[in-house]
Structures are given as C-alpha cells and as structure tokens.
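Below you'll find the structure, written out as structure tokens, and then a few comments.
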Amino acid sequence: MSRGPGGEYEQLRVSGLHAFYGESHILHGIDMVVHRGELVTLLGRNGAGRSTTLKAVMNMVGRRTGSIMINGEETMACAPHHIARLGVGYCPEHRGIFSALNVQENLTLPPVVRSGGMSLEEIYTMFPNLYERRFSQGTKLSGGEQQMLAMARILRTGANMLLLDEITEGLAPVIVEKLGDVLIKLKNKGLTIVLVEQNFHFAAPLADRHYVVQHGQIVEEISADELEAKQSLLNDYLGV
Amino acid sequence: MTQPVNQAEIQKAILEQQNADNRKKMILNGVLLLLLLAAPFAMYPVFLMKILCFALFAVAFNLLFGFTGLLSFGHAAFLATGSYTTGYLLSNYSGLTTELGIIAGTAVATALGLAFALLSIRRQGIYFAMVTLALSQLVFFFFVQSEFTGGEDGMHGIPRGKLFGLINLDDNYNMYYFVLAVFLGCYLLVQRIVSSPYGQILKAIKQNEPRAISLGYNVNRYKVLAFVISAALAGLAGSMKSVVFQLASLNDAHWHMSGEVILMTLVGGMGTLLGPVVGATFVVNIEYQLSQGPLRDWVDPILGGIFVLTVLAFRSGIVGEIQKFVKKNLG
Amino acid sequence: EISNDTVKIGYLADMSGTYRDLAGPNGLAALEMAIADFGGKVNGAKIEVVSADDRNSPDVASSTVRRWLENENVDMVAGLVASSVSIAVSDILQENDKLGIVSGSAASSITNEHCTPNHIHYVYDTYPLANGTASAVVKEGGKTWYILTADYAFGHALEGDVRRVVEANGGEIIGTLRHPFPTPDFSSFILQAQASGADVVALANAGSDTTNAINTASEFGVTQSGQTLAALLLFLTDVHALGVEAAQGIQLTTGWYWDMNEETRAWADRFMEKTGVRPTMVHAGIYSSTMQYLKAVDATDSDAAQVVRKQMMETPINDMFAKNGRIREDGRMVHDMYLAEVKTPAESKGEWDLYDIVRTIPAEEAFRPLSESKCPLVTSK
Amino acid sequence: MSMIFGVPLAVLAGQLLIGVINGAFYALLSLGLAVIFGLLKIINFAHGAMYMLGAMSTVILFDALGINYWVALFVAPLLVGAFGVVIEYFLLRRIAGQDHIYSLLLTFGVALLIGGVLTNIYGVSGLRYSMPDVFQGGMKLGFMFLPYYRVWVIVLALLICFGTWFMIEKTKLGAYLRAGTEDSQLMQGFGINVPLLISLTYGFGVMLAAFAGVLAAPIYSVTPVMGSHILITVFAVVVIGGMGSIGGAIITGILMGVIEGLTKTFYPPASSAVIFLVMVVVLMFRPSGLFGKEA
Amino acid sequence: MSEQYVLETRNLVKEFKGFVAVDDVNLKIRKGHIHALIGPNGAGKTTVFNLLTKFLIPTRGQILFKGKDITPLKSAAIARRGIVRSFQISAVFPHMTALENIRVALQTAENNSYSFWKSGASLNKLNQRCMELLDSVGLAEFANTTTVELAYGRKRALELATTLAMEPELLLLDEPTQGMGGEDVDSVVELVRKAAQGRTVLMVEHNLSVVSKLCDRITVLAQGAVLTEGEYGEVSADPRVREVYMGTAKDKAPAEQEATQ
C-alpha cells in the first residue's frame, strides 16, 4: 500500500535507514517520506550525512539496513542499476562528468527511463554554455559548466523523482537563479524532488518541507509555512 | 576558532611519538641483525647470500616504487649491468681487489640509472613503467649482442678474490658476512632516506604531485635522484650477486627479472621497509624449495597461484598485513 | 671404497621451460630405468637419486648443485641441458672434484675451452651436427648455402662449424642471417632465403625457432621451388610436433634413433611404457651414460670422480646407444652419429615412425679431432 | 635489378607486404589489450596466455573431437572468451578500483598457472596442426610467393579490427563502456548493469586474443609458451599507439609490423629490439603515445 | 610607476583548439589589496589562475610580478618567487599529519630538501613554526592527525595554512568557500582576512556576500574578457554585470541579496 495517511501518493519512504562506509557508521536511522510532486530539502552541516542519504537511496554506499520504499516498492534488495529504472534521477555531489566523453555524449549518456524527459534542444536553450562547448571533452569544462551538465543530464531521462546533491555549488548567481526557475518548472510538471543544499537561501523559497540532518539522523522536520517560526532554531542547527 | 591549546605540549607529544617509533625501529633492526648473524649456521650460506642479494634488489626497487610511487619495469637492467661489469673487471684484471670491482659495477649501474631517469622521468604512470621497460629491453639487446657477456652461455668463473686484498672471499663464511655487511648498510641507508627531509618531499610528491609543484618543488629533480639511488643499489645487488655465484647470466637482464622484483616487493608489502626483504626471502625460497621437491615440474603454476592469492587475499603484502593486524588489535 | 656406502646421483634439467621435452622429466625416467636395470645396488652400496629443475638459470643451477655437492654428498650430476647451466655447473664440479655427465647441451665448447677433468659430454654437440648434415648435403650437390642463424652463442658456434664443413667440401656460403631468439614469425627470413637463390637453406637454430622456420618454409614452398632445407639441430620431439607433412625430406644428424635395430626398439618400447612417448637421443644417452657410470663404480668399487672417470674412459661403450663409443681425455664421448632423413607421409607408418637413417657417420669423422682441441687437458700434454 | 641499400627492390616489396601481414596480426592482438586496458584499466598480462589458449584449443578441439578449422574459428574464441568472463567474475572483479599493478600481478599469476599446467600436459615442443586444404599453395606475385593463408589472415584481421573500433568509438554501447570504466557506480545509478558490461568486455578482449591464436595455429608451432614470447612486444605496440586508444592500437600494430619487417631486412638481429627503440623515441615526443589522450 | 602593482598581466590570451578561454586580459593588482575575480561560469577565472601559476602556458601576452616579466618561468620557480595558489578542490597530502603538511611547505625555505642522508629529527626545528601556523587556522589540536581524517572545512583551512607557510607575497585563492555552509564560510572569511595582512590576495569567489565583505577591488570577467573593474559598489551597480553574472538581484545590499531571489 503506497498511499500515505494524507492520501497523497508516497514516492519515497525511508525508514530506520542505517548506512556504513566500511567500518564507519554514517547514518543512524533516517526516517523520511516524500510525496509525489513535493520538493523536499535535506539541510545540515558539512558531514551531517545528507549526501550519504541520497547515495543510500541509490544503493551506492557500502552497507545499509532499514527500509527504502520507492513507489511503494521495497528496494533494499534491488541492484543499483534497477533503482534508476524506477524513475529515479540522481545528480551526484561531485558532478561525475566523464572525461572519456564529450559534452554531448555526457548529456545523452543516461538511458531514458520514462517518457516526458526534456529534449536536447530544450536543454541547450536552458544552458547555452553547454551548447557552445558541446564537442569539447566533458572534464575540460569549467567547474560551473560541469555542474550544469550534471544537472541537465538527468533532465533528459524523464525520471519522475530527482535526487539533487548541491546543484548550486560553484555556480554564478545568475545561473543559480535560473536553476531555481527550472526546479519550479519541474515541480509544476509534477516531479518529485529531493534537494540537498548548502545554500539555504536558494532552497527556502522552493521547498514544501525541510528535513534537518545531524549526525546521520533527522532531527527536525519543518514545513514551508513553519519556516518563519522556526527560523532561529534552524539557524542554530545550520550555524548560520 | 577552537579554544587555545598548549602548543608546547603537543610538540612534546609529537617528539615522544618520534622517539617511540625510533625505539621500535631499533628493536626491529636489532632482531633482524641477530637473525642474519646466526643464519649461516642454520642454513646454507650461498643460498642465504642469494636471498640477501635479491632482498637488496627488492629494497632498492621499493625505494622507488613504494616510497616515490614510480613503477619501474626495467630494474633488471641495473642488476645485470652491475653483475656484468663487476664480473668482467674481476675476471680480466687480476690486480683488482673485489671491493673495487663491486664499486665499479655499482658506478656503471648508477650512470645507467641516471640515463634512464632523464629519459623517462617526465612520463606519467603506466607510460613511465613502459619507457623503463623499453629501455631495459634495449640494454638486454646490448648484452645479448656483446661478446664480453658470453651471450647465452653467460659469464663464468668470476674470481671472488680477496676483500681489500686481505680477506679471502672463497670462504663462504667470509663472503657471507661481507654480503651481510653491505646489505645492512644499504638497508639502513634506505631507512634513513625515507625519514630524511628528502624523504618527506618524496612522500609529498607521491601523495599529491600538483600540490608539491605549487609549493615550489621541482618534482622531477627529486624523482631523478630517487631513481638514481634506486638504480645504484640495484646495481650493487647485481655486483654482489656476480661475486657470490661467480657468474653473470642473461637471466639477470631479462624482463622476467624486472617482473620478479615487483612480485617480491608486493608479496612482502610495498611501501614498508621490511616488506621487500621478507618478499624476496619468501619468493626465492618458494621457487628454490619447489624446484627441488616432488612438485618440481609444477613451480610455475604454483608461483602463479601464490601471486593470485596474494592479490586477492592479502593485498598489502605479508608485512603490510601484519602491520594492519597489529594496528587493529594492539591499538 | 664408496663414500658413506651410497652412490648419490643428482639429476638436474629444465623441467618446465623450453628444453623440457628433450630431457626433462622423461630424462629422469631414463635415469631410473638405468638404475633399476643395474639392480638398484652397486657393490652392495645403495643408489640414491635427487632431482631438481634448473629453470634454465645458472643461478638456480649453481646454488642447487653447490648444496648437492657440499651438503648432501651427491657423487654425480646428470642431465644438464642449457649450455649456460652446464658450464656453470662444471665449474662447481671441478671445485668440489665431483663428476658430471652432460647429456643435453649442444655447445661443443663444453669439452673445448670449457673442458674440465670433472665432466663428460655424452650425446652430441654442434660439431658433428654440422659435420654430418653439411658434408652430406654438399656431397649431394648443395653447393651454395644460405644460413639462418639463431643470434646467440649456440647459433654462432653451429654457423661456424657449418661454414668450415661446407667450404672444406667445396661448397660456398652465399649468405647468413642472424635472427633474434626466439622469433615467432619467420616469413620475412624465409623470403630472404628464397631470394638468395641458394641451393641450400640451413637452419642453425633450435627448438621452436627451428619448427617455426620449417613450418613457414613449407608454407612458402621453399622445397617446391627447388631449394633444400637442412636443419642442423632437430630432435625427435620437434619432428613429431611438425609432422611429416611439413618436415618431410629434411636431412638432419642425430646421435641415436629409437627405430634402428632390435636393441633400440626393445629399449624404446620399455621407455614408452614408462613415459608414453618415444625417447630422444638425449633420453637414450642419459640411460647409457648412467649405466657406464655405475659399471665404472662397480668395477673400481669407488665413487671418487677421477677414479670413476678414468675407468669410464678405459671401458669402451657397447650398448643400445652406442657401438664402440669411447670417452676421450677432453671428456668428449665419441660414437657413431647418423644422418637421417624425415619420411614422407606415404612412408611414415605411425606417429613416431619419422626417420630413415641414410648414412652412418663414423665416430672419428664426426667429432672435433683432439688435434684441433683448445682443451687444456689435451694441449698441456 | 634496382637496389636499395644493397637490397633488391623486389625483395623489399615482399618484405613490406609481409610486414603489413604481421602488422595486421599485431593489430589484432594489441587491439584486445587496448580494449581491456582502455576500458577496464586492467593491464592484462594474461593476454599472451589467452592467445596461446586460442591456438591450443583449436588443435585440441581437432584432435579430440575432430572439430575443423572453420568451426574452431568461432568455437575456440567463444570458449576462451567464456573463460575470460569467469576470470573477470571470480578474480579481477575483486580488485576493481585498485592500482593497475594489482591487475598486472593477478593476470601474470593466471598466465603462469595456465602456461604451467598446459606445459605439464602437452609439453613444450608443440602440437601438430595442418593447414586446411583450401589454403594449400599461394599466388605468385612476381616479386614473391604469397601463401593464400596469409591473405586470409590479413583480410580477416583487418575486418575484425575495424568492426571493434566502430563498436567502441561510434556506438552507444561503446559510450557506456568508456563511461562505465570511469565511474561505474554512477553509471549504475543511471540504470546500466556495469558489472555485466565489464565481464563481457574482458571476455571480448581475450576473445580477440584467442581469435589471433586460431589464426596462428596453422602457421606457427603451437606450444604453451608461444604467448609469453609475443606478450611484451604487443604491449609495446599498445603503448606506442597510446594506451586505451583503440584506433591507435590498430594503426600502430600495422606500422610496427612494417618497421619490424624492414629491420628484418636491413639488420635482422635488431628486429626484436627495434620496437622498443621506437617506443622510447615516440614517448619522448608524445608523452601519451601516438594517438593517446593527454594524461 | 608600476611598483604599486604587485601583479600585472598584459594582453593575456589563452586559446584551446580555437576556443578562446582568456581573451586579452589586462589585470593590475595593487599591493596589499584583496582583489576579487568574479564572473559567470566558464568566464576564464580558473584558467587565468592556471596561467599565472603556469599550470597552463599562455598563448599570448605577458605576466609581470613586481614589474619583472615572469612569463617564461616554470610553476615551481613562480611559487618560489612568492606567488602561491590554493585549489578549487582542496589540495593536501592526505597520508601525512597536519603538521607534516605544513612542514613540507616550510622546507622550501630550508636548503635541506635534497639531503637524503640527514635524519628526520633535523626537521623538528620547524615544528614550532608549524604549530603557530596551525594555531592561526585553529588546527593546533589536530597537529598529529592524519589529514584524510579531517573534515572538509578543516582540510581547506589546512591547505590555506600550508599556503601561508610559503610566506607568499601574492596569494591566489580559487573559490575558498566552495562547498561550505553556515559558520564554515564565516571562519574562512576570517582566515582570509588574517592571511591578507601584509600580503596581496587574488581570489575567485561566487559567494557575493563573501566578496562584498572582503574585497577592496573586483574585476569581472565574461567570456574570457574583462567586463569591468571597480569597487563592489560600482561593479554590483553595473547593469551589464547584473545581466551576465548577478542576475535580477534588484537594488539590494549584497548581504541579504541572495536571501531572496
């Protein structure tokens, strides 16, 4: 049964998730739910375990225990390459641009997992830099350009749930702004988005709910409307 | 910012740490020394000398590979150059005392090392390995072609002669203690190099070359020096070998030998001081024991199996694994 | 009397490398056959055998032999294939005044520059190989020669010997080509040999080089185009590997062939029971030399190197391997050699039915005469 | 007859042709190596052994089951390829992401194992294999006699080389391969079964070697050691071409065949060393080989 | 008199296979300034850094350091002259302790870096200075910790300390706050401010609040060329800069400027 109490469709339900890198125990029981069409952020300090949470969902960490349901389907047993097929698009923290491929190849690399993804044209109009450099080696791009590429890449696949890790890192404000608009567009198209962000000021206006991660646990859940009220609490958590 | 901490205390702690490490080193060296001093009474001296020569060879290689991060696939060239040169001089100039012959052999190998280094040092990673391989193949070709090496038949009947014109090295025990002295000298030298100011830079270069450059280090010079030292020690190993066995052969120059020293180092534990010594002892022993026993037709497959096992089961080598184990269980 | 009441024989050979098949494990079998046939005991003293793989490395060989001689009082070392190994070992034998019998090596230098009073070279060497084949081929009208030489000591020696013989018999060397060892592909060299227009293309190499060359030669139709192919060192195992298809008509010199007479066949059958293959001349030589050694020990009731060697030299060898073979003071065992021709597929009646013995080369003709010897043992006389 | 450095032009022409043929052969071998290194970052010292297995299995299949050359041309590489997959799955996979050197050591060990075992079973003097009758004889080109089989070798080798190059450089699958070796985890995140891809790639690489082995069976003496002789040379070819450059491996293969051929004509003793000389010189001026991407 | 300028570039150009990444750039960096290089992604900022430190060879143009032409020098030589950079991704020696990391930098000043015969103890005299530097970035307590085990922010601090150990006259910082949030950013700002005393700093930074807090002067690059130069006020007011870089951030003080978009 994948219908939450509220009756909205549960795209992602993580419960009691522990994750380990070899010896070190990173996640200590994450619990979170993301409904279809929601944009949820994971906030927290460096090393809190946000990236790890996303990686764990993608089955990219060493060892995991607990439960991860995608579209109401238990995925703990799934091989990594099956997860994407469930309509999940992942944009990694450190971009993961392939040096063996040129920009265009990088863009078209991830297989389309669902219909309704963006076309190359749409993407290029959104990121003119990429069009300009489309035939140069992926890793020869500037830091920011690589970031754009990493993001753009998964918009093509038509995934209906996006896990985005620090997508504004190293981007010029003007691009950050543009990304903001993009996310809103995607959201309106009904995509589900889990956003890991350092730049709270970017995330705040977009998100429906915020999870605050600390020492590998969810310590606070704040919905958009509570934001004013809990601002100071949040600042303590994030040390702003 | 963090609360102020007492710098002096921390420094003291660090120094104590160092002393503790040094003490450990001393004890280890002591044990090693005693073992080696006693060995010839337990084992066959010539065989022990063989092990020492290869151990020295592996130690030399490890200085470059384990501590500088440069994989040379051509170290056989230096071993062979050392042994042929020494062999040739001692056989043809009866006036020459043994140590002079050995020094000469080492010198020539060192020069060759410099040449190799200058030609290869700018190449990165696997390309570096392959250039050294290519160069050593050319050296091999030279040795095959030249008359003085005796080609396939090899160079035979090299006189051990008298050390300093005094000590008769035909006596296996004299010979052994001479080889042992040289080996220990080199071992300690490498130990010193690794912890020396220079060693620190090598470490840094190995771990993050661009950063070392941006700090103003001309990394290639440091690499060249490391290469030359390594080549010199390898050459010395060869020279000693030719005197011990009284022969020099193409096997020393063949690329298999370059491979063998890599194996020894890895099996023993690369980047550790004792590793290559243990590795050499292990490999030489296995090969020897097997070639004698009932399994003598199966040496190659068994060796192969051992290498596969090493890589799969204990990748950081015998010594490396022991160190890990100690760290884990004894704090 | 016999030291500590045992005669201990060390068998050292390449057990895993390029020379494995011509001596190797089966050589050990031959050695054991000899001991068994001798009765397992000599003058009441028991006979022990130790064996090792020399890995074709003088290092390994010398440390093995040193230990055998110095710690395990081995009395005699047999086998000995790679010339680098044989020479290295002979030095050590001399140091320790023990005896060695070289059966596998081809280098004639072993009883020439490198001769010692402590070893015997038994089966063959490059001299008779060149002698037998070359003189025969020249006499049959092969006047102009082109030689493909393996570019190392053995090849050079063989080439030199061939040149001498050919020119002595009124032939002419119109070209030689030194190829690296080993060479996987001979097409380029064969092509040059063909272009040279020589009557004879001679192969002064061994093992896989020779078989590769012969394969390629037949592929490029060397014989069809009227040239004669002469292989100077070819073992039964090589021809077996080539097959009569590719090797037919090739002339070669051998010290022994299993199918020469009742005696050889009988022994070869026993050998085959034990090993599953037919013996090479080296296998037979190991058997014969071991017998000769044990007889000498028996006769002199001693295992001291010089005593035994002397006795071995004094008793002529008459067994399935050699008739009136004798060991000279330079350590060379001289005996009749045979010029063989590889059978055609039509003639060959089985896997191992490979040679026709064309001619017997008398001992005194075959080997380097003492007059030409550089061996101190001879010249110092 | 006109001469060049004392070599008749006709002979030279022949040598060049032979050079190209051997070159095609090198190309085929180095191609497999390049695929395996370029895509899997594995330094495959077992490549020679796989080449040998290809040849040996051709002979053994014939002796044991009477399987003829034509069938072997498919079956032998498939068998060896499957064997390769097994090795990748049970051994190489466990050291994925480790330093090159470990894959070198591991595959070298495997090579020793295979070679040693076969030596003990079949000996070293070689197995007999006679050429299929269709290839008996050859054509007279005026300047030389060209056996039909050599023609067959070059045609087939070049076809396969080109096919492989196209698949890797120009198809989607190729892109997956190239990317998967850089960050396999992320590729899996995109929904691609990388482990399978890798096994198959290694299998394919050794298949190419085995295929060269089958081609070699009728013309070279087939022994358990035949691979170890050629291994280093083939490595040199790959390096000169630029590690991991597929096209580079092919072109360089042929180039080296020709250069070697010329050396065999003008100074034969150096013919095995010349390739290393070329390698040193090339790497002097082009640090990552003729066609390699700058490291 | 160009003495007041520590660093000057004259018509600096870098082309990559026809693509012009840096297009005729003339920079003038005043002594003692903290000078920011900002601009959209792919404008050529990192490339400029790579040119200044010779990680890339300029296609055309000149680089002057304290009036002297240093265009032909090699990376290492330039570093020894006193131009030291930090990297966009943190660069440390992962398997050495924090203290050793700094010591490696200090050794450049010593002339013992080739003496392989000296004992390791001969380096202890540098420890005092190392500790001071570590303390200045608040890492004193981690002196003996292996660097891999340090958290991201601390790695960056260590890298900065290492850079300072070189006593550089000109410090090049590429996005020092990248990937940091909250207080880490503030601490880096403090660090840079400290580091800048008696030095000149040239930094690339996308976090405008940091730029506005720290920098005396700002050069804006766009498509490889200098768009404009000036103080934060002027630059941020420039409509072109807004268009290509800052975006539609209306007339707002930089501090809250990102707070609402």
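As written, the chain order gives the labels A, B, C, D and E, with residue 1 at the start of each chain.
Here is the rule we go by: a contact is a pair of C-beta atoms (placed from the backbone, for glycine too) under 8 Å apart; a residue touches a chain by one contact, two chains touch by 3 or more.
Labels paired with UniProt names: A = Amino acid/amide ABC transporter ATP-binding protein 2, HAAT family; D = Amino acid/amide ABC transporter membrane protein 1, HAAT family; E = ABC-type branched-chain amino acid transport system, ATPase component.
Everything numeric in this text was worked out from a predicted model, so none of it was measured.
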| item | value |
| --- | --- |
| Any chain in contact with chain B as well as chain E | none |
| Chain labels contacting chain D and also chain E | A, B |
| Inter-centroid spacing, chain B versus chain A (mean Cα positions, whole Å) | 51 |
| Separation of mean Cα positions, chain E and chain C [Å, integer] | 76 |
| Centroid distance [mean C-alpha coordinates] between chain D and chain B, Å | 33 |
| Between chain B and chain C, centroid-to-centroid distance (C-alpha), Å | 39 |
| Shared-contact residues (touching 2 or more other chains) in chain C | 16, 151 |
| Chain-chain contacts as defined at top | A-D, A-E, B-C, B-D, B-E, C-D |
| Complex contact set, residues of chain B against chain D | 71, 119, 122-127, 130-131, 133-135, 137-138, 140-141, 145, 255, 259, 262-263, 266, 297-308, 310-312, 315 |
| Complex contact set, residues of chain B against chain E | 1-2, 4-5, 7, 10-11, 13-15, 17-18, 192-193, 195-201, 203-204, 207-208, 210-219, 221-222, 225, 229 |
| Touching residues (chain side chain D, partner chain C) in the complex | 8, 10-11, 14-15, 18-19, 21-22, 25, 116, 119-120, 123-128, 130-131, 137-138, 144-145, 147, 149-150, 219-221, 223, 225-226, 229-230, 261, 264-265, 268-273 |
| Chain A residues touching chain D - in the complex, by the definition given at the top | 58, 60, 79-85, 90, 92, 96, 98-101, 105-106, 108-111, 113, 137, 157 |
| Footprint of chain C on chain B - complex, ascending | 44, 46-47, 50, 144-145, 150-154, 156-157, 241, 245-247, 249-251, 287-288, 291-292, 296-300 |
